[in-house]
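Look for chain A in each of the two complexes below; its partner is chain B in the first and chain C in the second.
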Partner chain A sequence: MKIIDILAKIDRRIIYLILLVVVILPLIFPSAQSVRVMPPVEKFFNAVDNIPEEKALIIDFDYTPQDMPELEPMAIALLRHAFKKRIKVLALSLYVQPLGLAQRALTQVTEEFNSTAETSADSIIYGRDYVFLGWQVGPILAMLSMGESITNFYNIDYYGNRTDTLLLMKHIKNYNNVGIVAALSPSDIPRYWVAYAQNRFGVAVGAGVTSVSASEFYPYLQTGQFSGLMIGMKGAAEYEEMVEKELSVAGRRKASESLPSITYAHLLIIAFIIIGNIGHFVKRRQK
Partner chain B sequence: MNISLDPWIWISALLTVSIFSFLYRDNPFYRFAEHIFVGVANGWAVTFYWHNILVPSLFDPLFRRGQLLLIIPFIIGILYLTRFIPRVSWLVRIPIGITMGYYVGASIPADVQAYIIKQTQGTILTSQNFQAWNAGNMGVVWSIILFVGVICTLSYFYFSKEHKGVLGITSRIGIIFVMIGFGAAFGYTVMARISLLIGRLQFLLGDWLGVIH
Partner chain C sequence: MKKGLPLILVFICGILGIIQYFAPHPVVQDTDNFFRNNLLKILAAFALVLGLGSLLKVHMDKIKRKRENWQYSWVLIIVFIITSIIGLFGGVTGEGPLPTRIGSFSFDNQTIYDNVIVPLGSTMFALLAFFMASAAYRAFRARSTEATLLLASAFIVMLGVLPLGDRISPHLPSFAQWIMDVPNVAGQRGILIGVAFGILATALKIILGIERSWLGGGGE
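Moving on to the complex of A and B:
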């Protein structure tokens, strides 16, 4: 019984330290972990892959620094997919904080493609292949207004250009010219896209969400309101896997690199929960 | 090991370590980093809204280009500030009323359609819903479990009658579904928090210390 008493009095900081070691070691000594792609992510990938040539992909970057580890790898994977397949991309943020992170992701993936491009046709060019619409007041207002005219609502892009002068925007007027909206958000925003953009204008919506909010979003996948769903780092790793396997796009896979740490941390926490429960029942019996 | 020489990386890294130091115990480094974060976030937001909204969308068009109709939203917006003057603080109800009116009008029909009607349709036992699971014949089983789960969970939250008899049985089954839901949510929460830790560690070990590539 002595060991139970010791475990019951263990300092929480020791628990933190053990958890830290378990998370750090797989990062320093990486091991290959196979990624099994699940149907929600496969559906998302296929929905993006099947966007017709004349339609665009809207990526709504709504993650902030505190959600970046989970949602940025999704954004990078989505952009690699879109640029590889030459799908036109409209990037936007419904809040102001994510703007810098959206620009960072767009710059990174554009540089990845342009570093190997040999001609203008191979390159990713702003205004032709993608447009960063930036931010305008009111998420709901933006969703409703884009159903009428995207250039009327976002008349200036993030860099100060008039959007109606950009080549890409000459063909993309409203949701009729959009294949799917990919909402990467830690909040309720994917549900807003369903309520305001899909309900009224019929546009398809896919969501990339943080793990903590995952259980709220599964029902929308089952009803078909979401055309696909990526959840947390696992979802991002699955999309990275599909982009690399199906499209042969190589690049750093931050989410996939993290999976061993997540696995071992989960096993550790399960072990802690089991030990804690054993201790609880043994102590109760002693009383 | 390839330690970064970029001063911004060092600032980020030291602030991250200061925040993590709270796990040991509260200390001046943690409080310093916390105050810096709140101050910078607010300062950045005020500057951003001033330069990206108020000036280009209101002050410039109204005062420099003479678009006088903008005086209406300008006055409505100013009314928010009457809250600080007790004698006329009641005027704040006008912009609040307009904002609420707009959002309630826009959201009620959309919410009912997207969150109630469509979600209820998803629980009905139809062949279309069976196929939605992409699970072959098991789709029927999953749909029945979903149907039973929804009915029983709703019955658990029905408080107008004592939970006895049939209602007692369904509400007890309902609580099992609720607990499974909580368990799944907890598991996902653990994954989320570990992911955030990994994100910071990738920065500290990669961008700062150069231990991982």
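Moving on to the complex of A and C:
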């Protein structure tokens, strides 16, 4: 009976310690894990892949450092996909805090491509291949106003350039020139893109969300309002898998590398729940 | 007048916000464009300044009255001033008129963000995993039929979304996907419809001046 007592009352510090070991060890010795790509991510990939040459991809970076482990790999994979396929990218943030992370992701992927580029045509050039619109007040205002004119609302980009002087912006006027909006957000923002940009202007929307908020977004996927859905680290790993397998884009796959940690942590939590329940039932029977 | 004017403004703006969806007439659309591209941007900028002013005022007051943990208010004010100056005059990555590099030590906006905000934010959120593990062990009990069902579906979804789930059985990820696609969507859709009706009713009450608590004074 003593064992049952111990199992029913494991000290929280022991739980913390075991979890710490289980999470950290696979991160110290990383190995990218292969995953089966599920339909929501496959749809997202295909929607981006089929963007016509004359249209752009809008990436809405709305994640903060708190959600970065889940959502940044999605942004990196999306940028690799877009740059490899020469899809024009408009990057923006609807809030201030994600701006630094957007800048980080753009710099990283641009450097990855430019380090192997031999000519100007191979390179990823700011203003020609992508534009970072930065931030403007009012998330909903931005969504609505871009339906009429992107350069009118975003007069200047993140670096202070006038957007109407940038080469890319001469072809991208409003949502008519946008293939899909990829909203990477831990909050309700993907829903707002559907309500304000899609319902009124008909632009396609795809969402990258955190695991904890994913269940709220399934109705939008089922109705076709979302062209695709990436959920948490696993969704990001699936997109990384597709980018590497379908487009042969090599690069560090952070989400795939983190999957062993997530797997072991989940198994540990399941084990603790089972142990807790065994202790609970035995004690109840004793009473 | 003190309450009448805000009510009239809210009524006009509320009606304009709705009507632009139903009336494609250029006058309506131009008015809407003017509101969004000019008026609301200016208002939002004022709100931002007001918010920052209010934040500083609260913390200055805290220091003045030596309220609990007043020392941290100094940290906020000093950091606010330093980062504002760097942000305003140093540029995003140090290309502004203010020098943001001393030797190899860089302190531009992006460097501060990468080395202070990102680690702090990530650390705060990472702690959650430990509390969740401990809480799941202590509180997730199969005490009733409903709780047992919840527990079973949680196990299936957790295992189904992991790469391991596919190795246990190729049907497990599909079953987890079914749980998310069917029972989950049914529940979520009900919640969404309920919330939408609630928003609609509240918006109408505010536009028509029935709900006045936003004016302050609890609608008196």
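Rule of thumb we're sticking to: the second predicted complex is superposed on the first by the 283 of 287 C-alpha atoms of A that agree within 3 Å, B and C clash if a C-alpha of one lies under 4 Å from a C-alpha of the other, contacts with A are read in each partner's own complex, and residues count from 1 in each chain.
One rule holds for everything that comes next: contacts are C-beta pairs under 8 Å (C-beta built on N, C-alpha and C of every residue); 3 or more make two chains touch, one makes a residue touch a chain.
Owing to the predicted nature of the structure, the values given are computational and were not obtained by experimental measurement.
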**Request:** Have a look at where A:His280 lands relative to chain B and chain C in the superposition and call it first, second, both or neither.
**Result:** second
**Request:** Determine, under the contact definition given at the top, whether A:Phe153 touches first (chain B), second (chain C), both, or neither.
**Result:** second
**Prompt:** Is A:Glu112 contacted by the first partner chain B, the second partner chain C, both or neither?
**Reply:** neither
**Request:** Once the structures are superposed on A, label A:Phe272 by its partner contacts, choosing first (chain B), second (chain C), both or neither.
**Result:** second
**Message:** Contact-wise, after the overlay, does A:Glu241 reach chain B, chain C, both or neither (first, second, both, neither)?
**Reply:** neither
**Request:** Applying the touch criterion given at the start, work out whether A:Gln66 contacts chain B, chain C, both or neither, answering first, second, both or neither.
**Result:** both
**Request:** Would you mind checking which one, chain B or chain C, touches more residues on chain A?
**Result:** C
**Asked** Is A:Ser258 in contact with chain B, with chain C, with both, or with neither (first, second, both, neither)?
**Response** first
**Request:** Mind working out whether A:Ile28 is in touch with chain B, chain C, both or neither, as first, second, both or neither?
**Result:** first
**Message:** If we overlay the two complexes on their shared chain A, which of chain B and chain C does A:Gly224 touch? Say first, second, both or neither.
**Reply:** first
**Shared chain A surface residues [contacts with chain B and with chain C]** = 16, 20, 23, 39, 66, 68-69, 137, 144, 200, 211, 214-215, 219, 222, 231-232, 234, 262, 265-266, 269
**Prompt:** Which part of chain B faces chain A closely enough to touch in the complex?
**Reply:** 23-24, 45, 48-49, 52-53, 57, 103, 106-107, 110-111, 113-115, 118-119, 121-122, 129, 132-134, 146, 181, 184-185, 187-202, 205, 211-212
**Complete:** Touching chain A in the complex, chain C uses residues 21, 33, 36-37, 40-41, 44-45, 48, 91-93, 95, 109-110, 113-114, 117-122, 124-125, 129-130, 132-134, 136-138, 140-142, 151, 155, 158-159, 161-164, 166, 173, 177, 180-181, 184-185, 188-189, 192
**Complete:** In the complex, the residues of chain A that touch chain C are 10, 12, 15-16, 19-20, 23, 33-36, 38-39, 64-69, 97, 100-101, 103-104, 136-138, 141, 144-145, 148, 152-153, 158-160, 200, 211, 214-216, 218-219, 222, 231-232, 234, 259, 262-263, 265-270, 272-273, 275-277, 280
**Request:** Using the touch definition up top, name the residues of chain A that touch chain B in the complex.
**Result:** 13, 16, 20, 23-24, 27-28, 30, 39, 66, 68-70, 96, 135, 137, 140, 144, 191, 194-196, 198-200, 210-215, 219, 222-225, 231-234, 254, 257-258, 261-262, 265-266, 269
